[in-house]
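Two complexes are shown next, each including chain A; its partner changes from chain B in the first to chain C in the second.
Here is the complex of A and B:
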């Protein structure tokens, strides 16, 4: 419980209306998509960087942990208040401050919802590519903190590739600017990129400077069904070596397709053991040629069927196969562990085989789909936690999935981050001296370890 | 002078042949392209990360400064041994270790010459885009340390956009790995990007993991002459808004063109007050359409003449205008101060006008050219240092150029870095608390300040 004098100070800083302590309110800020729940002592919704600076100074003086929070859609617990203290909700910092159409740069606040931002820039012919699945709800601050990805990243890169400047409040309460609106800049260390993906442990963002692109004129979708995952993986490499970088190169493995067949009436032939959903974008006049070229490249690789959308409605129908996955999986088992490993593109089939062996060993359904273009696989371990022993089996399976990933030169997370969910496994991937190096940076910048403690680094987790 | 016992230890680590102390040898490692000279006490050429680790442990124990060095082509003194001590030459780490054609990833050592690396990957149909002017001599380690740019960056981005992993030796002698061969990865802080552009102050690179692209099939060059710099700048914005991102968008201002006219017999009409050299690349069949589209877009903006190359020879002829600059400038004055400011693309004409006013005020020729596509201007202040007072005038002019840059939202360096040349001006661009934040990171990772001291931060410069 917080000392009443601290509550009073928080009320003085942000106003009584923006400081919540009722249990019903606290519960709303106690979890994210991981469903791990930790109650904060208080939730504050500051108005601006100045208030955040004063809150951080107070928190430092009193050694109170502070947990910055966007929309709470994270998959690894990045925003959950594992040590109580203050949840710092950033929803009031929700303005798009400037869209510079001449220089293709926007300045926004962290609480802007990703899709709102995308739609706003698209209205003036511009384009912000990163498209995490949560984009209708998640905020740009959270996207930057976790370095969000999405299907379009194979062509366009991840969130950090678009963030060229920040205004941040440091753990000790300084308000500083990093980077700026220029396309190049090498004066001093690249703090912007250090903070992208640091999961809210190094700074609280208060402004984000984003690089934009001209919006592509058109896009075209095709769905290719393969008789094996190897054919699909070879197709991915062959397309890219054919000098075509599609906007998306999504794949569904055999077990995912089985779920879709069982749960929907979508037409997915039994012979299809892997599917690639491919989208290309650019000048309208070039797209037909691109899909024709892709068809020709993939044809020798065990293609069962190729469908090319000629209209937006047909395109939507092809996307249905991909969009039906979540609902289809729920019919297999009520609970799932969703990992987002990433391996070198060519190792996807090896990884799928490893996962199939793990699924067989533990007798758990594991279904895989994701972003084949960059080797980023969403591994869904389907269990019923109400069944005794299921959870333990799943946890063992996860460790083996990580082991397999690392054996293939991969990483435990392509886009979700470490948070609290992968922190216990951090030293499977990173050598101790790398973890020490990162902790040295954290400790230097947050000497009292009050900003989002308990995330990324396993030994930092403190009991509430 | 180094203690003889330390020399002996260095010889034990790297072998007598790789430890140089003759004055004639030391002189070779005492300067870079800035021509500022500082003699080291010793030059060591280690064979590998293990030797570097032992050298750093020794240097830490004895508090000896260490200056990592690639080819010494930097423009800001990044590699010069301002505090004596050890120059650590990385030329023996010069192997291309792996080119993974399936996953478009290469692993190389830092001493590989940039052009050699480019040619090697191009032989197998791959492409490493960053192209600093020094690429025939400069090494990949130096390119990463400074985050080198080049003409192709407007389309393809800068060095750091291609570096996805590193093996480094830390200032305290640990050998650690950052990032890896996957296209995505968000496990822990992005140390790779922190080290890119940190000018050799945070780590010594021993391996570099590079992301590659498929090599574009063809390219096409055009030269457009404008009656004003405003027309040229509007053309840059209009081309990009027209959904074409050329590979290069180089510009030459009126004073540069005057130098070229005076020094060469190239055909540059008097009416041309600004020139854009534009190159597009991609599928051969699309390039004619692209240059036609660009011609149509720029035509209303005061075009004096457009030349489009139909053959490689014609393309080479167009590039001659750009390539003749250095030799042409030398005829104006023997000495030059070469700054590489960067402003938001649309502010290039404002910046050129500011620079023209500064040139008039100090009565010094200042000629400008560079990468218009990303607002990165090479400002060449032409003086004769033998004339009393010229150098002082140039230094005052530089300060005013920086002031003007910052007023327009720009940065003092787009691609050359800070080094020793811009360190005295660092606090013009960065707030004190940003500099403190960076120094906190430096101090935490290099507690004895032995790795490349005197660079970036003004107060760190120590007398020899």
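Here is the complex of A and C:
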């Protein structure tokens, strides 16, 4: 509970209506998609950078932790207020400030919903590619803070590849600009890239300068079913060796397909043990050639069936197989540990084999799907936490999945970040001197450790 | 008597929410006011906290629970298919049980149970209506169904009929031998406000020769009372209707109101197995007509030379049950209609039972969006299949200064039939 004089100051800064302290309000800003719940002391919805600056100055003076929040859709707890204090909701900063069609650059505020931004730029023939699964609700601020990915990243890269400038409020309350609207810029450190993916621990974004592309004229979707995961994995390498980079190269493993078969009436033959969902984009006249070329490349690799969509409706039907996964998994077991490891793309089959061995060892279902094109596998360990011992088994399995990933030269997280969920495992992947280097930066910029504490680095911040 | 479930009965359903936040893209109330307490995920967290005793029935809790249209837009897009609309309704009942009904509108409960009073009030309303601005008297009986805060000088409401629909017709209207028999569940909207749509339905049913039963004793489906958290009212209305369903011999129960359809197919079956023999007999009128080959019959009628452009609004309570194709099939088959799909046809109109009573400002914001989509479709008429939606859409269009008229699809059907 904050003392009343601090609340009064917050009200003076942002107005009474935007400072929430009722229990019901606090509950509504206590969680994200990790389902971990921590009650803040107060929720503030500031109007602009100036208010945020004053809030940070107050927070430093009073040593109150501040937790920036977008839509609260993260998978690692990046926005949850693990130490109470202030939840700083950025939903009022939701304007698209400028779309510069001559320079292919847009300037937006962090509360803009990703899909709204995409639709807006697409109306003038432009394109913002990163497409995290949450794009209908997640905000650009959250996407930048976590460096969000998505299926299209195999061809187009991730969020940080499109962020060229920022206006931020520093942890100590200064308002500064990093980068800018130019395609090049090497004066000083690249602070923009440092902040992308820093999980809200180094800065609160108030403006985001985004690089845009011309919108591709058309896209074409195909679904290829393989008799083995090896065939599918070889197909990924073969396609890329064939100098084709599809927009999307998603895979579903045998256990995922089993879930989809059991939970939906989608037509997925039993013989299919792995599926690739492939999309190519570009000028319409080239697309048929590309899908033909892909079909020819993958044909020798144990193809059971190939479906190529000729209309947007057919394309949607193919995507349905991928989109139905999330709900289908619930049929297996009620609780899901959702990891998003990333290995070099040629090592995907090795990784799947390792995961299958782990699943057998602990006798728990592990379902894998994801972005084969960039080696990013969504590993879903399905358990029932109500059954004694299941949770412990899942936790052991996760450690082994991480060990296997690192052995293959991979990383524990391709998209979701560390947050609180992966913090205990950080030193499995990063050497102590690397963690020290990062902590030195954090400490220098946030001497009171009040901006999103308890995230990324293992810490002694205790849960409420 | 069949009972509604308690909030505690929804514990498993609440657990199904994984807090992904996907509902934020579809909730009309959240779209109008971007507060997490408006959206399904927040409400489920609050209901969960209430069950765990972590939160009291404080003012903000009540506000958040009142800020739900029960439209089920969240459910229709939820990856785990969590029925937030049921959880919110159960939470409202829990609130009513602990704090009394006043929180969500006591008037709803008292008046819906008394059909005689409703009839009387409707008659009074019809007589008064000509004298007053915006057609509806502030003294109108529907003030009790739509209590005081609902009736403002600002709002367009339809006139109340002097003679309710069910009083105009005998209980049985025989059709051709060998044709099925349908029980017409009129609902309050058609009985008291839009009797012409009821007449239109009779014309369509007579055209295909079916036998019709219009039970005089049928009661309100109870959906406004579900919205108000008035469990006793819902249960007693359901019991009255159950008696009606048991009393006659028929093949189908036909509704021409999305809310009634939802009451009969979702609310009642959730209350116990007494309704099992009837739930599969319930048909939305357009589903029934399509099954009976009515679209083909319409297509045989001579086409109009200058068809009128019509768009369709999906009532939430049909969309949630997957009924989207049949109303369109009938519209497209009409000889005088040039059908045009609008953007976001499936988004809520903003009425939401008692929602619009207590949150007219937000309701208007939601309605304004919808009015924009309707105007952009280029249609002269917007047709739908729910008296509540008709009322709200017309109000929204009038506020937006748009010239489109809202009609029941049945009105267009009657116009086309010889």
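Note that the second predicted complex is superposed on the first by the 460 of 464 C-alpha atoms of A that agree within 3 Å, B and C clash if a C-alpha of one lies under 4 Å from a C-alpha of the other, contacts with A are read in each partner's own complex, and residues count from 1 in each chain.
Convention: a residue touches a chain if its C-beta (ideal position, glycine included) is under 8 Å from a C-beta of that chain, and two chains touch if they have at least 3 such contacts.
Treat the numbers as computed from the prediction; the structure is a model and nothing was measured.
Judged by the touch definition given at the top, the superposed model places A:315 against neither chain B nor chain C. Residue by residue along chain A, chain B and chain C are tallied for touches, and B comes out ahead. By the touch criterion stated above, A:72 is placed in contact with chain C alone, chain B being left untouched. In the superposed model, A:334 lies in contact with chain C only, and not with chain B.
Looking at the shared chain after the overlay, A:30 reaches chain C, while chain B stays out of its contact range. By the touch criterion defined above, A:443 reaches chain B but does not reach chain C. Of the two partner chains placed by the overlay, only chain B lies in contact with A:346; chain C stays clear of it. When the two complexes are overlaid on their common chain A, residue A:227 makes contact with neither chain B nor chain C. Residues 15-16, 18-22, 24-25, 34-37, 42, 45-46, 49, 54-56, 58-61, 63-64, 79-81 of chain C are the ones touching chain A in the complex. Residues of chain B that touch chain A in their complex: 100-105, 125, 146-147, 149, 153-154, 158, 160-161, 170, 174-178, 180-191, 193-194, 196-198, 202, 214-217, 237, 240-243, 245, 283, 285-286, 289, 342-346, 371, 373-376, 409-418, 422, 426, 429-431, 433-438, 440-441, 443-445, 456. Against chain C, in their complex, chain A makes its touches with residues 20, 22-25, 27-35, 37, 71-73, 91, 94, 113, 115, 134, 136-138, 326-327, 330, 334, 336.
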